[in-house]
Amino acid sequence: MNDIIIKNITRIIIPFAQMYGIFIILNGHISPGGGFAGGAIIGTTLILYTLVFGREKGKKKFSHKMSEISESGGIMLFVIIGMIGMITAGAFLSNLSGGFPQGQLGEILSGGFIPILMIGIGIKVTSTMISLFNLLIDEEKL
Amino acid sequence: MNIIERILENINYIGAVALFLIGLRIVVLHSNLIKRIMGINIMGTGVFLFFVAIGNVSGGVVPIVGANPEGSTFVNPLPSVFILTGIVVVVSITVYSLSLVIRIYQNYNTIDQKELAELISEDNNEH
Amino acid sequence: MVYINVFIIIFLIICALAIGKIKDLIGAVVLFSAYSLVMSILWLLLNSPDVAITEAAIGAGVTSILFFAVISKTKRYEK
Amino acid sequence: MKNVIANILFIVLFIILVIAIFEMPTSPSTNAPAYNDVVDYYVEEGADETNASNLIAGILADYRGFDTLGENIVLFTSVVAVGSVLRSTKYDKEVKDNE
Amino acid sequence: MNIEQLPIINLILFLFMALLIPLLKRRPFKITLILGFIVMCLVLASSSHLLWHVNEVGSFSYTFGGHEARYGIEFLLTPFSALFTWVIIILAMIIYIYSSGDATEGIEQSEYGRYYVLLFILLLSMFGILYTNDLFNTYVFIEILSITTCAIISIKKKKDTYTSAFRYVMMNEIGSLSYLFGVALIYMATGYTNISMVSESIQVAFASYPFNIVIALAFMVIGLGIKAAIFPFHIWLPDAHSSAPSTSSAILSAIVIKVYLLVLVKILFSVFGIDILEQMNMPLILLILSGTAMILGSIFAIAQKDVKRMLGYSSVAQVGYILLGISLLSFLGLRAAFFHIISHGLMKTALFLSVGEIIFYKKTRKVNDFDGMGFIMPVAMGVFSIAALGMIGLPLTSGFISKLNLGIAVLENNYLVFLVILIISSLLNVIYYLPIIILAFLRNEKYHYRMTTIEKTPRTMITPLILLGILIVSLGLFPNVIMPYIEAAVETFIS
């Protein structure tokens, strides 16, 4: 696509949409939202970028290697947090009883591992959405 | 009329069942493969609507502690949790079946179930 | 309130039926997107905003884009 | 003809289900059987036990965190599965060459 | 680290292995295979220990996050789940060793990594399904299982795999969503998803809201029936089995279908309970389905020319046997069903793997081409014959014991009709299995000279086949080795 209006508007919109996605992820445990919704929003912005500026530029923003790392990294983070609970409290995914900091109810830093998990899920969903889109749209490299 | 009142009371459940069955009809009877995947999505939303309707409490508020006035009743949070999981699962299945559709189109040059069946039976007869 | 609910349900059912009937697949995806959006409004009415946000982002956003991507690589019209 | 029979079948099924719904505990109130002691526990203790003010996030990540892990595995699997289907390989080359 | 952590450690081991494989893709593939084998050995050790533990010390439950079972998710380790996870890991190891001998027919070298990722996630989901005691958690694992099973079919780059995988994924998804609808209805009436809590309160719910329970039962049985290929819903199975790679067909037919049947057992006996089932006449419906499956599955199998399709239809008939045992709702019936799940798992694995070897080296899948195959590939055909005789139900094989048990269970309930059906179905089995054995071994003297030109097959392919042959025969000779464990597993449902 070579339309200058679309390109400029996309450039303006994307940071705001990504900020909104990050806001939703970080506020997941104090207001409606969470990792899935926020991750999907950030994922759609990346898809929009790829659609407007082409596959090559999109690849630069979010490379294959990066998506692979965040792909397994999301689950890895989840399991490691669960294992910490297993070691400290004797049960997989122990939250506050596993020794995670409690924080102040209603603040961003609260809820033990919930914000960390939400960030992990957000990264995972983002990378999944963009890599699925890339897989579907990729030209056959023969 | 009594019956209309009852329908109005249970409209969400009836809608959920209707959507489930419409989705099922599209999946089973429609011949276009992409439409069938959409049917799966419609079926899914039907089930999720059923779950949400179970969790709803009229006059209730969203279960966020501290954001609501004292004494207000919370809606049931558990169905929402189930659906959040369910939505993502249905998306994964959708994407996987879409990838299969791309491959089927590349191999048979059609995404219509009836034409596909003919092509496959021709293939089998050749061997 | 009840009447809005009833109206939305009727809209959803008509949308779902139309998805089954329409011949143009792009149109079907647009209908599906609208369907998801209205569904998320309904879930907002039923007091579950978390699900509504997720459905609006995933159902109306990502799924539709993926459908468009696939239709662009296959056929647009069905017979 | 086949479609007509199927449509009638679906309509009959729909009517049966609607009649069944009338017998179900559908009232959107706290008296519904789904709104039981478990929900009360979540509402009363959930915020203290997880220290997250959004109860849904608390349940999602803490009480039912294992479901969420399973869901992440579904996403991971879907990427692997789509990759296994769509990554072009030698087979596609052969098909292209034949054409 | 006490014993209660072992189930979750099993799952984490599988998950880590699956995540590790993509990282190892630049190294020689042997390292991945050896690591995977080590993981499987570890899981086998821990499952064996768990099997011993639950039978000697007693069942235990494990809850996540230290919450009470009703508020969180619970793993329940009973003799049932311990026995069948143990069986699954043994069968999976045999198939794994076989597939490591680069005989994963039809899968390309570049896809091996993904194949093993999917295999380990498949094992994870099956373990999860058997361990978990939560209806919704079961749904999540069922979805993982269905997406991985479809993916290990479509990983083979051939035209017809895509269409059959597409049909399979559609059927699977209808099944999963029906199951989820059933969960919604049960949740609506009882307010729990934990199976123990549901079974405590389901009698009350059935008294006040019978429609909920009836429709939930219908949806769940249909949903799981589609996935387990119970008779009218079996249409996806022959296509999927015949087009998949041989190792995948073995996994599908020997393990995956059985897992869905086990979930069905769990749902029928633990969630609803015998009382409600009998009030709804559920056993009768299931009995009729199983009877038709036993006859029609075998008749369809006779008509097939493709050997893998034939084996697929034979699975439909065998699911009928298992369902017959389940639907008798008696101790003996369930015992026979469980024994048949194990013995059919062994026999079908042996059949698919030996056929897979023949397809791999001889590139033929027509039944008629098996002429003199016994002299060309004696080990593969020998194991095939043992397993086929087991399917017919000849003495000295495990198939005989399961049919004997099934016959006793049927007689106990005075269903003479089903004894007749059992015998007819066995005779039909004879019609399609025996000609292959005769073709391969007894006719065509001219092939004798080929004995000298036996194909050199890798040891990793031969060993599992011989092992399977030995297991089938020894299970037929000494069924009492495993019977106490099966009886303990049955006692978790019927005391």
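As written, the chain order gives the labels A, B, C, D and E, with residue 1 at the start of each chain.
We take it that a residue touches a chain if its C-beta (ideal position, glycine included) is under 8 Å from a C-beta of that chain, and two chains touch if they have at least 3 such contacts.
Keep in mind that what you see is a predicted model, and the values were worked out from it rather than measured.
Between subunit C and subunit E, the least number of touch steps comes to 2. Contact with subunit C and subunit D alike is made by A, B. When chain centres are taken as C-alpha averages, the shortest distance to the whole-protein C-alpha average belongs to D. Averaging Cα atoms per chain gives one point for each, and the point farthest from that of subunit B is the centre of E.
Placing every chain at the mean of its C-alpha atoms, the farthest one from subunit C is found to be E. For this pair, subunit B with subunit D, the centres built from the Cα atoms lie 9 Å apart. Chain centres here are Cα averages; for subunit A and subunit D they lie 21 Å apart. Distance between subunit A and subunit B, defined via averaged C-alpha coordinates, is recorded as 25 Å. As a whole-number value, the distance joining the C-alpha centres of subunit A and subunit E reads 37 Å. Chain contacts: subunit D has residues 17, 24, 32, 34-35, 38-39, 42, 47, 49, 53-54, 56-57, 60, 62, 64-68, 70-71, 73-78, 81-83, 85-87, 92 touching two or more partner chains.
Residues of subunit E in contact with at least two other chains: 15, 19, 64-65, 136, 140, 143, 147, 150-151, 154, 162, 187-188. Each of the following residues of subunit C touches two or more other chains: 48-50, 54, 58, 62, 66, 70, 73.
On the side of subunit A, the complex with subunit E involves touching residues 68, 72, 75-76, 79, 83, 85-86, 89-95, 97-98.
For subunit A in complex with subunit D, the touching residues are 28-32, 34, 71-72, 74-75, 78-79, 82, 92-93, 95-96, 102-103, 105-106, 110-114, 117-118, 121, 124-125, 128, 131-132, 135-136, 138, 140-142. On the subunit B side of its complex with subunit A, the touching residues are 62, 64-67, 84, 87-88, 95, 98-99, 102. Within the complex formed with subunit A, the residues of subunit C that make contact are 49-50, 52-54, 56-58, 61-62, 65-66, 69-70, 73. Interface of subunit A with subunit B (complex): residues 30-32, 34, 36, 105-106, 125, 132, 135-136.
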